[in-house]
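There are two complexes below, and they share chain A, which is joined by chain B in the first and by chain C in the second.
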Partner chain A sequence: MSQATQELSADAGQLPAATAFLGEFWETADLPPALVFPFELALEEIFMNVVMHGSGGGQVPTVRLIIAADTDSITLTVADNGPAFDPLSLATPDIEADLEHRRIGGLGVHLVREMMDAVSYAREGGFNQLRMTKNLAPA
Partner chain B sequence: MEITHRQVDGLLLVQATGRLDGSWSEHLSQALDELMRAGHDRVLLEMGSIDYISSLGLRSLLGAFKKFKAVGGSFAIIDPSPNVLEVLEMAGLAAMLLSGRGATAVASVPIEAPAAAATAAAAAAEPIAQPFTHASVRGEQYLSGGPGLRGKAYGDPANLSSAAFVNADNHALKVSPDLLALGLGAFGEGYADCATHYGEFLAVAGAAVYQPGDGSKTCDTLLTEGGYVPEVQSLYGLACRGAFTSLARFEPAEGTDHVPLQDLATLALDMAQADVAVVVIAGESAGLIGAALRRSPTNPPAGAATDPFDFPGIRQWLSFTTERAHIRSSVVVCGVVARAGAVPTALAPFLRPLNAQNNVAAHLHAAVFRFRALPRGAVQVADVVRPWFEHETVQDVMHLLTDDREDGAMGGSTFTRGALWCAPLTLEEGT
Partner chain C sequence: MNVTIESVDGVSVALPAGRLDFGAAGPFQQQLEQAIAAKPKALVVDCNGLEYVSSAGLRVFLVAARAAKAAGIGFAVSDLKPTVKEVFDLTGFANVITICVERASALASVTKPA
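Moving on, here comes the complex of A and B:
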């Protein structure tokens, strides 16, 4: 079991730092390179959601990233102290819609659901916590 | 992110390398927008070297797809990396954005040039492009001979200031495909029918458009269609018929970022090798300066007495641009330009100086459209302009003027790039 934590402000300029944190953990924990993409994607989608929608309360939220891996699974938790909001409550976009009716909103969360094996939301201690887990194939 | 491009087979192949994430997607959107504005309307984006894409990246791809479609072009992705393909499929965008054309079909084409045989065939059919620079303009010229256009001025713009137009001043012009005309006119049955709404008009390539002088802000367009040839009822103007002899594809010369209208006017006179030339410009505006009639002169406001061509003149009749207008829009400009020392007597009442040096005079009207890409190469006026009139709403019709007031002068209209057609004008006798 290995784990790492990083705190960042919910600022679009912090996205490269968030991605770098994930990359370093991957190297340290010697995780399968093919699995870094779904986690980078999930991290960006949720982080950018907080950047764009989390400052409604007048101040820029703090984002806490927790990544944990064991032999069975990898779990990324993105927590933020912005206003309570469950991104999983967003309607699934109609990915069958034609061009004129295509809305891009909600697509990020849709991609996260598709990429991950389990996604859950909780509001704990004043933080939105989104847990995203991908199972590792048995060796 | 690194973005490079090369031309293959009339398509632009754009190659992007790196991450298409929240930090870089806007960069790609801007690069594709610039390429579209430079006249590339068919784009293939190679994504074999993009190993990461997020929903913000998808947003820029979808935005590009819509934009190129809106200008009558196309945008598609070829050679997606496994990660890009996976995300496109998850988002349900693969069918829309992936090119039907196999990646190898274009990837194997050499970077430098299309096949030599195709080049030779094209050269035989098309006039030769000659690079040129002229004042603050550069580009390619396509010169060919021919008699140019024949035409005449009719009516008297001086009547505008005294509101002295009468029934007999009305000329009916047939808007046939070879007509180029501009002046004061309206669509209707005749003088009585048009008296309340004469306004600035222009006619080119079988299309006519005018801004009704009845206070309406909506431009009215008519097109020749099969056997139907519309008419413009006109109180004064310039009308000529014939074929253009020269074309210049232009852009700003090194060290400048836009092309002033006056440089295009002198370029046209040089290319036409004449003292008087007819011009059509189709291109991207960097800001238009001009005026439009607020009301038909046959229905004048009280107390109007000055020559409305003087800038700044009275504002009861004319609305002047108060800042550079229609920046980045597409525009069609039609009219006549002449060397200031050689203006024929018959044209003198119609032409006004185009610059402070007073070396070129002109009468030019502009029709404004939302941005449309310009096809490349030695294109004909009708091939470019006609689809704009057919498919787009004309947003404005203006009489282009130069603002050379002492204080805060805005100068003249400017362009980012475009095509300029010109030919000598031979004046016909009579009215």
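Moving on, here comes the complex of A and C:
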């Protein structure tokens, strides 16, 4: 089991640092390169959600990233101390709409749900915690 | 992300290379809007060099497709890598944007007489 943690402020300028943190963990833990894409995507979507919507209380939240891998699965937890908000409560976007009626809102969370094997939300210790897991195929 | 814009027989071909994330989305959108404003016959985005796209990046394709339609010109996307194509497929974008396997077929589809 390997694990790494990083704390960042919920600022769009910190997205490259968040992505770099994930890339470093992938190399250190020697994880399958094909699996970095869904996690990079999930990290960006959830991190940017916090950046865009998490500062309602007037304060820029702190985001804590926790990535953990064992032989069966990889789990990324994105936690933030912004106002309580469950992104999984968002309505599923209409992915059948035509060009004129397409909306981007909600698509990020939709992609995360589609690409991960398990996604769950909890509010614990003043932090929103979104846990995203992908199972590893048996070697 | 780097973007090159070429002109092929009056069709503007944009070649984004690298990662189309939140940070890259704004500049890329501006470049596509400028390309459309120059009134080419059509706009093709050749994604052969595109390694990554998020929902912020998808939004740029949506905005460009609408702008092209409003300008009365064709718009198509080609050469999606498997990971990028998955994002287009999972969001249903493949149903509202013309996606071609390669640039040649994209050019053919945007220049064919209506």
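List of remarks:
Note that the second predicted complex is superposed on the first by the 139 of 139 C-alpha atoms of A that agree within 3 Å, B and C clash if a C-alpha of one lies under 4 Å from a C-alpha of the other, contacts with A are read in each partner's own complex, and residues count from 1 in each chain.
Just so we're on the same page, contacts are C-beta pairs under 8 Å (C-beta built on N, C-alpha and C of every residue); 3 or more make two chains touch, one makes a residue touch a chain.
In this text, all values refer to a predicted model and were calculated from it rather than measured experimentally.
In this overlay on chain A, chain B clashes with chain C.
In the superposed model, A:Ala12 makes contact with both chain B and chain C.
When the two structures are aligned on the shared chain, A:Glu124 is found in touch with neither chain B nor chain C.
By the touch criterion stated above, A:His110 is placed in contact with chain B and with chain C alike. After overlaying the two complexes on the shared chain, residue contacts for A:Asp30 are found with neither chain B nor chain C. By the document's definition of touching, both partners, chain B and chain C, reach A:Glu44. Superposing the two complexes on chain A places one of the chain B stretches 63-71, 135-143, 261-269 or 297-305 into chain C: stretch 63-71. Where the contact sets of chain A with chain B and with chain C meet, they give residues 12, 15-16, 19, 37, 40-41, 44-45, 48, 95-96, 99, 102, 104, 107-108, 110-111, 114-115. Within the complex formed with chain A, the residues of chain C that make contact are 21-23, 52, 54-56, 58-59, 62, 65-66, 69, 83, 86-87, 90-93, 95-97.
Residue ranges on chain A touching chain C, taken from their complex, read 12, 15-16, 19, 37, 40-41, 44-45, 48, 93, 95-100, 102, 104, 107-108, 110-111, 114-115. Contact residues of chain A toward chain B in the complex are 12, 15-16, 19, 37, 40-41, 44-45, 48, 95-96, 99, 102, 104, 107-108, 110-111, 114-115. Across the interface of their complex, chain A is touched by residues 21-23, 51-52, 54-56, 58-59, 62, 65-66, 69, 83, 87, 90-93, 96 of chain B.
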